[in-house]
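Sending over a structure as C-alpha cells; questions will come in a sec.
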Amino acid sequence: MINKVVSNAEEAVKDIPDNAVLMLGGFGLCGIPENCISALLKTGVKGLTCISNNAGVDDFGIGLMLKTRQVKKMISSYVGENAEFERQLLSGELEVDLIPQGTLAERIRAGGAGIPAFYTPAGYGTEVAEGKETREYHGKMYLLEQWLKADFALVKAWKGDTSGNLIFKGTARNFNPMMAMAGKITIAEVEELVEPGELDPNMIHTPGIYVQRIFQGKDYEKRIEQRTTKLK
Amino acid sequence: MALDKIGIAKRIAQEVQDGTYINLGIGIPTLVANFIPDNINVVLQSENGLLGIGPFPDESEVDADLINAGKQTVTTTKGSSLFSSAESFEMIRGGHVDLTILGAMEVSENGDISNWKIPGKMVKGMGGAMDLVASAENIIVAMQHCSRDGESKLLSENTLPITGLRCVKKVVTDMAVLDVLPEGGFKLLERAPGVSVEEIKAATAGKLIIEGEIPEMRI
Amino acid sequence: MINKVVSNAEEAVKDIPDNAVLMLGGFGLCGIPENCISALLKTGVKGLTCISNNAGVDDFGIGLMLKTRQVKKMISSYVGENAEFERQLLSGELEVDLIPQGTLAERIRAGGAGIPAFYTPAGYGTEVAEGKETREYHGKMYLLEQWLKADFALVKAWKGDTSGNLIFKGTARNFNPMMAMAGKITIAEVEELVEPGELDPNMIHTPGIYVQRIFQGKDYEKRIEQRTTKLK
Amino acid sequence: MALDKIGIAKRIAQEVQDGTYINLGIGIPTLVANFIPDNINVVLQSENGLLGIGPFPDESEVDADLINAGKQTVTTTKGSSLFSSAESFEMIRGGHVDLTILGAMEVSENGDISNWKIPGKMVKGMGGAMDLVASAENIIVAMQHCSRDGESKLLSENTLPITGLRCVKKVVTDMAVLDVLPEGGFKLLERAPGVSVEEIKAATAGKLIIEGEIPEMRI
C-alpha cells in the first residue's frame, strides 16, 4: 500500500496557493474539515474559490474565512444560516454561484468520475437554467450541466488508514466522498488514523486511490447548529 | 379560525400514505412527522444523506454527526441507512421518493413554486428544493395563505424567482386545502375550521375553483 | 419501516411477463441471483431482454436461460466465457448489444439516478459510437449515452433486512447496487435475511428504498469459473 | 530468442513506478504482478470492484465472492477496498488509475488498439477495455509481435474493429519494446535477447523508427 500520511493540517495545506479552487466537505457544520480550515486561516492564502454546500456560520467553518476575506468566490447551494455570507452576497463583495444541491453533488461526482457533462431536471425554467442547453427526454425537460473539479479537496472522515481509505460517520458523510474524488490533490483529515488492514475492505466509503494526503486531526469541536432534543 | 403551524402539519399528515418514502422540507413540513398515525408505515428521507429519520434525541443521545436537512440533531430508527449527498439525490432525482412536502413563498395556479430568493433583499439559496420539485411525482406545499403584509401567496403567476415549474399538486395553508389542477387553477377542497369560502376567495389571487359545498377540515 | 418480504423466488418472479426487460446482477458467476434464475427457468417466461455484464456460462447462470431460448436479447459487455452465447450471437439467433463495461455500469446508474443522458469517452472512434452524438470537452472527445432502466431488476446480496437494506460481500457487489436502483420492481435475494436494526445503518450498500421485494435464498452453489490458487 | 509470456511480463514489470495504481488486463498483464520488485509499492485495481488485489488464495482461502476481472479467485491485501462496478469505472474514467496494461490483437503506429472482435469469427466483447483505453493516461500493450499465422500485429492502420484511438503509449512484445510516438510511428527501444533489428523490421508492418544502437533488454 502507498503511504499518504502527512504530519498535520499545516503540513497538508501549506502549498495551497492564492486563487486556488478548493472543495470543502460538510453539510452545515456537520462533517467539515475543521483542522484544514484553521490551518488556512493561518497561512492567510487569498482569492480562494470555495466549493461547499454551505459556508459555515458567522463564527465557525468557512464563515471564518469569509470574515478574513480569504474567499473570492463561493459555489454553494444554501446561504441560510450565515448572515455575513448573505451580506457579502447581497452587497456584491463576494462572487457567489448558487447551485441546486443535487446538481452540486452530481457535478462534483461527475468531476471525479470523468463525466464532463450530464442532463438533470433540477432548475429547468428557473434562473439556474440561464445560458444552459436544454433537451427533452421522455417528455420531460432537462438541463445540461458540467463537471466540477478542484485543485484541492479538503475532506473530513471519521476513520482512515495510512493508505487513504476513509470511513465516514452518520450524516457527516454528505459531500465528502464526492469531493475526495474530484480533487486534484485530496487532503483527508480523520478523527482516528489506523494502519492498513484495520478497516474492513467491504466497508470502505472512500477508497484510498482518491486521497493524496491524510492526517489525524485534533481538538475537534464539532459544533452543533440546531441542538434539538425530545420534548420531555 | 385559521390554523396554526401545528394545524397545517396535522392536516398534511392525513395525506400521507402507508408504505411510502417521504422528504420533508424545513419548517412546517418537519412538524408533519409528529402527526403521522402509528398504523401508517413511512420512511422519512433527509437529503443530506439519511433514510429513516428517527425522533429528536434525548440529551444523552445528541450526536453532532447526525443531523437532518434543517441542521437539527436527529436519531436513526431500526432499518435506517446513511449515504452521501450524491446518493441522496440519486434517490430524489430517480423518482424513488414518493412524496415531497415543502414550504413556499408563492405558488401559482399552474403549480409553479418560488421559495428561495427575494431579489435584492434575501437569498437563502435553493438547497435541495430545485432537485426535489423537479423530480418528485407528488408535491404538497405547506404555507401561510397570505404573507405578513396580507398579500396572497396563491397567485396567477409568481412574482419571485421560480424554484420549479408546474410541479405542486396540492397546497395546505392556514385557511384551506387546495388541489392544483393539471389544466391550471386552485380547486378548493376544504376550509379551515371557522374560515368561510368568502374569506378564502378574498385571500386567493390566483384562479380559485369552487364546486358545491366546501367541507371543513377534520383535524 | 416498510416490510418487503416475499416467501421465495417463485413468489418473487411469478408476475414477470413475457417480453419483460430484466437486469440481472453479477460479474461472471460472482454475485448472480441464482434463485431467481432457477425460478425463471420454471415459469418459462419468454422473449426476455436481459441486461447483465455477462451471460453466465453454458450450464450455469443466464447461460441456462439462453439454452431454453427464453432470452430474445442480451445487453452485456463480455461474451468471453460462454460458447452458447457466442454461437447464438454469431448466428444471429440472439440479438446482442455489446456495451463497454463502464458505460454499461454508468447507464444503469443513470437510470436509477434520474440522469437521462451523460457524456463518456469510452468507445469514441469505435463501432460503439455509431449513430451517437459526440462532443469535445477540454480537448477530448466524448459520446452521449442514455440511461438504462428495467421492468425488473434481480439482484443478489449477502445480507439484507426485511425493509430491503442490502449489504454485498467482496466482488459479488459488482453490478448489483446500480441495478437495484434502476429496476421499476427490484427483487433482492439474500443469503441471510435479518430484522431492521440488525445491520449497521452506516454500512448499508443499497438503501431499502430501492428494493420492492426481498427473500432469503437457498442452496447457493456459488460456482467458481477460474479456481486459481497459490503455487505450492 | 523471442521472449515467452513470462519474459514479456518481467520486462513490463520494469515499467512500473513506485506509488502508483495499476489496472492489469487478462492474460500476460495479470502475470506482471508476480514480477514487481518488493521495493516498489503499487496497488492493483480490478475493474469488477477491487482495489488492492492480493495473491491467489491458498486452497483454504478460496472465496467464490472474491474474484478478479479474469474471474480468477484472488485475495485482498492490507488496505484493500471493495466497491461496485460503477464506482470502479468512476476511478478509471476519472483518471485516477495511473497505468493500464492490456493485451491486443493489433496496434497501429498511431496508437490505435483492437482487441475485442474479429467480425464473423469471434466476439469476446470489449468488457472494460474501451473504458480503460479511453481514460488512462499511460497505456502499455503486452502482446506477441506476430499472430500465429505470422502476420505482424504492429500495423500502419488496424484491420480489426477499434477498441480505442491514439491511446497506446508503449508496446512490449516477445521481440521488442517500442514507444508509440505522438506524431506516429513505433520507436524501437530494445530488442529481446538474441533477436536482431532485422528480424524486428521484418515482423513490423507499421512505421518503425530506429535510431542508433538498439540495446538488448535486461531481464
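In this document, chain identifiers A, B, C and D correspond to the written order of the chains, with residue numbering beginning at 1 in each.
Definition applied: contacts are C-beta pairs under 8 Å (C-beta built on N, C-alpha and C of every residue); 3 or more make two chains touch, one makes a residue touch a chain.
Everything numeric here is computed off the predicted structure, so don't read it as measured data.
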The chains touching both subunit B and subunit D are A, C
Higher number of C-beta pairs in contact (A-B or A-D) found for A-B
Rounded to the nearest Å, the gap between Cα centres of subunit A and subunit B is 28
Cα centroid separation, subunit B vs subunit C, in Å, comes to 36
Chain centres from averaged Cα atoms put subunit A and subunit C apart, in whole Å, by 33
Each of the following residues of subunit A touches two or more other chains, namely 106, 109, 113-115, 120-121, 169-170, 202
By the touch definition above, subunit D meets two or more other chains at residues 82-83, 89, 92-93, 135
Chains touch in the following pairs A-B, A-C, A-D, B-C, C-D
Contacts from subunit A onto subunit B in the complex sit at residues 27-31, 53, 76-81, 86, 89-90, 98, 100-103, 105-106, 108-109, 120-128, 158, 169-178, 205, 222-231
Residue positions on subunit C within touch of subunit B in the complex are 1-3, 109, 111-115, 161-163, 165, 181, 195-197, 201-202, 204, 207-210
Note: in the complex, subunit C contacts subunit A through residues 106, 110, 113-121, 135, 137-138, 140, 142, 146, 167-170, 202-203
Listed in rising order, subunit B residues that touch subunit A in their complex are 46-50, 55-59, 62-68, 70-74, 82-86, 88-89, 92-93, 112, 120-131, 134-135, 161-165
Contacts from subunit D onto subunit A in the complex sit at residues 19, 21, 41-43, 45, 51-52, 76-83, 87, 89-97, 135
